[in-house]
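So the structure is just underneath, and the comments pick up after that.
For clarity, chains are labelled A, B, C and D in written order, and residue numbers in each chain start from 1.
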Amino acid sequence: MNYKNILEEIKSEVEPLIGSGKLADYIPELANVSPSHFGIELRFIDGVSYAVGDTNIPFSIQSISKVFALTLAIKLVENYVWKRVGVEPSGNAFNSLVQLEHENGIPRNPFINAGALVISDILISNLKQPKNELLEFIRKISNNQKININKKVAASEKENGYRNAALANMMKSFGNIKNDIDEVLDLYFFMCSIEMTCSDLSEAFLLYSNHGVLPNGNEKVISLSQTKRLNALMQTCGFYDEAGEFSFKVGLPGKSGVGGGIVAVLPGKFSIASWSPELNKKGNSVLSMKALELFTTKTKLSVF
Amino acid sequence: MNYKNILEEIKSEVEPLIGSGKLADYIPELANVSPSHFGIELRFIDGVSYAVGDTNIPFSIQSISKVFALTLAIKLVENYVWKRVGVEPSGNAFNSLVQLEHENGIPRNPFINAGALVISDILISNLKQPKNELLEFIRKISNNQKININKKVAASEKENGYRNAALANMMKSFGNIKNDIDEVLDLYFFMCSIEMTCSDLSEAFLLYSNHGVLPNGNEKVISLSQTKRLNALMQTCGFYDEAGEFSFKVGLPGKSGVGGGIVAVLPGKFSIASWSPELNKKGNSVLSMKALELFTTKTKLSVF
Amino acid sequence: MNYKNILEEIKSEVEPLIGSGKLADYIPELANVSPSHFGIELRFIDGVSYAVGDTNIPFSIQSISKVFALTLAIKLVENYVWKRVGVEPSGNAFNSLVQLEHENGIPRNPFINAGALVISDILISNLKQPKNELLEFIRKISNNQKININKKVAASEKENGYRNAALANMMKSFGNIKNDIDEVLDLYFFMCSIEMTCSDLSEAFLLYSNHGVLPNGNEKVISLSQTKRLNALMQTCGFYDEAGEFSFKVGLPGKSGVGGGIVAVLPGKFSIASWSPELNKKGNSVLSMKALELFTTKTKLSVF
Amino acid sequence: MNYKNILEEIKSEVEPLIGSGKLADYIPELANVSPSHFGIELRFIDGVSYAVGDTNIPFSIQSISKVFALTLAIKLVENYVWKRVGVEPSGNAFNSLVQLEHENGIPRNPFINAGALVISDILISNLKQPKNELLEFIRKISNNQKININKKVAASEKENGYRNAALANMMKSFGNIKNDIDEVLDLYFFMCSIEMTCSDLSEAFLLYSNHGVLPNGNEKVISLSQTKRLNALMQTCGFYDEAGEFSFKVGLPGKSGVGGGIVAVLPGKFSIASWSPELNKKGNSVLSMKALELFTTKTKLSVF
């Protein structure tokens, strides 16, 4: 297959959708991004990659960072993680407090905000310099030492983070946050404000298609079994309350963020990252969703 | 790999779990099944199969029938189906009325009871003899003309079906049931009371691993794209509120029933059916869940 | 005070509100009532009464009948009633299934539909001819042998009663309906379709302001303590999810129905019935709500 | 009636219940109170009062303070108050986040914690020294300049106030908290930690039975209409999710606190305050609930 051509085709097919979504507007930094960006990068585990569009412009990875934080937490204390957070789809919006209240402060899964706050809390308990160590981990698996946070985004998130503060306080009332709430929120907002490119993300996610092994250095970061679990979680819980829709239309495990990025993997084969800032009502990038759907339809490459 | 040996190993490893679950007890016919059965059958798309234990004893397939009914409905009127029922995990128990009330009578997905009642309703509107035609469809894809319902089970289901009647009435109040409620319930209880063996189920599910084509006759029953969608739905919604757990531990699309059966597929490779009547608290067979987990762990065959 | 004048004043003050509400439209019989009716009748326990407007036109009492059914049930088996139904405000719409599901089929109070269905069930278990005996009871306390049901309304209710059938089936699944569901629904729809005038209702409700004693005949129908409990229930649960609003603005125990009627009492003093068919969004009569608010404001007669 | 004798009788009838409840234990200061206290004081609007038991021992008034804060807020900006908070019973526990999430951050009523936090926020926006001015208001209507807070309780509340912090952050995310969250919580915990005796409370609540006028000084604190509304709110929402039970058994508007106090009023007649620290499962004082039930049963004095 001529993957370059396929990606070009996809680009021309999704670009007419620009204008049909809405930028995230809960912080000014996301609302001010130019809405017309689109990039897509496909990377095979043998290292060959195909890039079309804006694949070298860094954007706010937002919730995609939850995958990296969870990977690091699992690497450190896997069994403990599953005592603090579940593995089931939530069936509710990503920032819902309802289930938390009915289920004694145990979040449904690590990809809803409440779950990611618990993962932050676990990282703080298990790392000396959680921010630095998480950032170093991401730089390493992305093979890019220049990855960093956007400080304005981090500050804005904190200023507008009342819903996340509500979640953290709620879980603390049930004893499921161990550290100081401000410290937990601070690490959470730090990871949400990391900026990466499609190229970085496709590189980093090779880990999940390559059974936990870094393609370049042959270093085993997590076990095969841990990788399978992460992929299974992305499949069932990676897209807020649109996980079924994504699984249904795209058929790959993946994760989205309100910065407009989506990354997905075909285990044993490739990773693919797409970015375009306009979101649908569920908070997922309109163009990236469509681009990935077209990709698996055109190539017939999916887990199903 | 020596699959026969692997299945034998699994059998000896799960049998100590007999006694740790509980039989379904909402109707006497299920409560009276001998709890010590266990069978598992693996069937590759080339026709080769491996069977261990009670793979030729028919049991009540219960919710597994929802996959067959949905397949037939999709074959008939695919686009219409997705106007009447969603594709997202429910995050709640299989017979919950809460989401139905909040979401205007549209069930979250076709594998919760409410969703299967809508599928029954669609089949009634689109088939002349819905019971016969559904049964013939199942016999055909299972390659077994002897498959039938258990009349006592069907009668018992009806006598105890108040929760399902509540769901159907609720949806009718929102206009999402078009036919007479008793007729809809009657077809629903009919399909739940179908009896099949592990051998039948592994045969029937080859359809979903073989891209919609019947292995024996080369007949295309549903399209590749429809098959992918059914597999995606089984992955995210096939196990009540334990879909995440199953995806996480087993990593295959599949469907369970309170009769103790579980069937799963690896697209492009095989189907696997397991049966043992004792259930865990979520309504899934204790031994079958464990058997499939052991299978994908031992063989490293999973979608992730 | 010149009560006649006060009622006349109220009439002229509320009539401009005609057109601001909406007729109940779930059955044709209610949707076809002329929307411009308004009547109000005040009746003191000494027998003196004041009537203004359409106080002799019978209308569908709908949920007001729940008070009569509960009174009869309490007269028969008071302690048993409180094992089957609660006494707390529901905080939800009158026909919600959510709380029922969370609370094992025990309705929050006897004035939401689920609660009234349980009361129907109790009457069926305790009366030989439940319909006749309930109707005779209402005729007796209203001192009017001509009171009857509207058969078209009863038939229409039954045809459109899917939500109530859902409630009844749900409770049956929890064991909180003992008789046949159709029989329970039949009695429920029977009582909802009773027609009374403002004059009848003010007569009947003297019972609740007169400590359980019939004013004319001096017959003690229920005890003082039972009367207090019924009044307390009307105060906290008599107006669907607008009980607080009514208590707040009017300050009297009372009960409304979607036929547009509202009856209220000041214990030890009087009863007051108002009717006007247009409803607000919560299902309570726009003009009757305002009329009663004006009455307690003008006369300073309220329990608070 | 010999009220002194009746109160003595009640005391001897409720004392055997000591040991059947449980002290509030979410902060050490409440858990360490001696459980065997009981006091009851009845005060008529003409100034005559009857006291039995521990009526001069100060205890933590906790949620009873919500009535005082609301009274002050209504005095300042009544119409604005009802734009920020509802008047309906919640049907849920006092500290539930669920309804808040479904209803855009508008609390159901001012007596659940979320509602009282909004009232705190309003007081901060409208008073120069909210803590002092609230305390002075309470001292004035209680006619006791010595009333003060317990600083240890206030500090403990703050240390354990994660659930309230969750509520405040949640409402802030919807824009329904205008001031700094810490300041709002600080005032809220301040008011909860005020200590008063049964004697103080019966004095202060005469305001609500005396149509808003201070009995001693003839000063009109709030209007008759405002008083009626406060009484109506206490009737429907004053007892967490036991408002119906209290209305049903006692039949008076009132308010309880987890310090074990309950105050109630008969408008136009009297106020009555009772205290005993052991709570039932709903958070209301076991002995005080029973004592007030016995009082209205023995004296036949209730609004119904």
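Following the convention adopted for this analysis, a residue touches a chain if its C-beta (ideal position, glycine included) is under 8 Å from a C-beta of that chain, and two chains touch if they have at least 3 such contacts.
Quick caveat, the model's predicted, so the values are computed rather than measured.
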Remotest chain, subunit D as reference, centres from CA atoms: B
Centre distance in Å when subunit A and subunit C are each reduced to the mean of their C-alpha atoms: 55
Separation of subunit A from subunit B, taking each centre as the mean of its C-alpha atoms, in whole Å: 32
CA centroid of subunit A to CA centroid of subunit D, Å: 47
For subunit C, residues contacting two or more additional chains: none
Touch-based graph of the chains, sorted into line, ring, star, complete or other: ring
Contact footprint of subunit D on subunit C as seen in their complex: 86-92, 99, 108-109, 224-225, 227-229, 231-233, 235-237, 241-245, 247-248, 251, 253, 267, 297, 300, 302-304
Footprint of subunit A on subunit D - complex, ascending: 96-98, 101, 162-163, 165-167, 169-170, 172-173, 181
